[in-house]
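The same chain A turns up in both complexes below, where it pairs with chain B and then with chain C.
Showing the complex of A and B:
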């Protein structure tokens, strides 16, 4: 015990060492690692105002469609709703298209929150809008046609899924074209895809339901491949660069 | 201080080999990639940034593949692409704030860093202006500011002075020189003066390969005794122009003053002069010297 009482602290040396530690700590770079929610909030925060407005208009218009078209005959109603859903899909994917426009893709791929993550978040945002519109139609118009809610949902989903496949392919296939023209082109073509069943005789007959089911499965598979392709294009990098 | 290592890096596109078997070590300092259009500089820089994947070979940072490092590598990276993109409806401030957020800068420091780098590149007065109204030079300065936002340890600039006037070029050179301590700065250009004054090491690239690499004095040394000056008639000047690489041509009254790169004395009366980097560049590009 006597030995311990004789220990003295060299205060100068202590201060020097503390100062050394303070300098080393200050020189260390503190890195921030945002999680997925924070990354999503970043993307939400910097969305252009006009996109929010457009999506708001889209949702309002969906309610208007339900109100004014609900008394229309089946095939016509299915077609109008399918075209509307497909066009709202175009709007929903505008955020994704924006990432690939204006030569931003190459730069965004080098950021901490990189293009792959941004694309995943934008796909999620687009999907949410589509789900909302789809839900509005199915819940407000489906029950009106007794026992046909699930069938109604199927008639909407099939053209929607195939139109989305086309939209996702168009992002990378048509990069050389001005984004406004590209969006207009994809919207027109996807609306045509949605309207196509109307011109096929008896397509809305019950006997054709298995066909619709198969088309939905095939479309789902194609959509998964289209989404996978977007991420492969990003990984490869060649199609991100303008030159 | 990270160390970048390129080992046998090759990039092949469908019909073309854009980068051929490039190997080098990059540590603290300014590295200038000099070469003509199509030499492979941009492709090499894109691979260094992780935008493109090498067909063969590997790029490592502190002995770890940059693809494996993923986000950790991008945390250290600042990049100015040759084709610099922006959202035209954004103001300069909003654009930098957006990129600061995407670079995972903490919110407390993002705003101050945005302002700091806008001041550094002389854009603070235009911070609330929409980017679509910017001139080419202003856009380039904005691009430089965004590359510096996260104070990257690895700064990669592809044709950074493109569109800048001479005063802006000098300003840019001074900025890069001041920031090169404790940093790897890689810039690619086909303008010799961009690298002449600031690069610690220069790489001359042609057809995907590094023709030579080293400090400026070692590169210019290879062209010693190969650079000549003479004053000749217009007719003689036309003949020499067809036969040799002419560095500089200046009309002086009825004669023409020429600076020529040639293995041997090109014309009687020509005197050898000290080569500059531009002379060495022409010397290497005229035929392959390794």
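Showing the complex of A and C:
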């Protein structure tokens, strides 16, 4: 069906059009929008040295916990590891908080940066640290619990997931409070969430494992919703502006 | 140079390659606008507007199918040009008058192309879009659904009904067979 191309195109009119297009092309200034990988590399490049050092200290401390607390009784060990894991989660989320510190969100919007992409990258960085700490605990302490590695992992994951849900909600609930106070408050409350199971009688009994499983599922769902909510309110701006 | 490489260079700041895109696809976009609106003169403006819009938003373009993307812009530009039913009617009238004027001239235009243009003007906008994209540009139904925002079933229905109307209008099975 190439016959449809047999309608004659007026060369002069076409040339006039192309000239107008040439003018627009010459005037065009292309803005470079980095893709996800490029954004990730840029954020890695400009990550504060302090953050790298803090995360290094965190990993070192995780090994120290494994060495000095491994002989502790089960419930106490689970609680210490869960608190440590959620506190390392707080460190991981500090990068996300910096994205929305005073005037940063407005500046980032002005520079046409993709805030959702940047938030996703910060969540990824935080998640990597958490995964490393979790891995250290499960691999070094799990097998020592007479083959109950999966159960040990469950006892760590449930408080961790619910603490993360709280941390993400804290970005909007605690806006307007100064950064240091907000981080301290978030850390204290998430540590309290992690420690809460210790005070529930018989919670570490085998018979309560289904409850832990349900709590993990519910926590996973709540975490997904909390992450989705963060991405939704990024558009609004004022709900996340921490100034 | 492939389209992907052209876009990569353009988004890297080498905006002179925008002219290569225009030179490569000008005729395709012109024919689309011409058949879609039935207005050969107006199609020049619509073609220019299509490329100007492409230039305006090229920063955000994620390369997939450049020609399809340009045709989608052209589609929206043509739709926007139908400001109201009265406009559409006046353009169709102008298209028919132009057809009658040029019928006696010795232009190089293939008579079938001219007949097709007038026949397409008898279809509804959505049917015309679907028939042009499917039979003149070779896009599959699924691709047309994505470009037009319609469902697959709607696209199939539009193509079928559009061809039925074309057949009635042209009254020549051999011409229809050529499509």
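Operating definition for what follows: the second predicted complex is superposed on the first by the 204 of 243 C-alpha atoms of A that agree within 3 Å, B and C clash if a C-alpha of one lies under 4 Å from a C-alpha of the other, contacts with A are read in each partner's own complex, and residues count from 1 in each chain.
As a working rule, a residue touches a chain if its C-beta (ideal position, glycine included) is under 8 Å from a C-beta of that chain, and two chains touch if they have at least 3 such contacts.
Bear in mind the structure is a predicted one, so any value in this text is a computation, not a measurement.
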item	value
Contacts of A:31 with chain B and chain C, given as first, second, both or neither	both
Touching partner for A:228 - first (chain B), second (chain C), both, neither	neither
Touched partner set for A:45, first chain B, second chain C, both or neither	first
First (chain B), second (chain C), both or neither touched by A:20	second
Partner with the higher number of touched chain A residues, chain C or chain B	B
Touched partner set for A:67, first chain B, second chain C, both or neither	neither
Partner chain in contact with A:9 - chain B first, chain C second, else both or neither	second
Common interface positions of chain A, toward chain B and toward chain C	30-33
Parts of chain A lying in touch with chain C, wherever the complex brings them together	1, 3-10, 13-14, 16-18, 20-22, 24-26, 28, 30-33
Residue ranges of chain A touching chain B (in the complex, touch as defined)	29-34, 42, 45-46, 48, 98, 102-114, 118, 235-238, 240-243
In the complex with chain A, residue positions of chain B that touch it	13, 42, 46, 49-53, 71, 74-75, 77, 79, 81-89, 94, 98-99, 101-106, 146, 150-151
Residue ranges of chain C in contact with chain A within the complex	10-13, 15-16, 18-19, 22-23, 26-27, 30-31, 34-35, 40, 44, 47-48, 51-52, 55, 58-60, 107-110, 112-114, 116-117, 135-136, 178-179
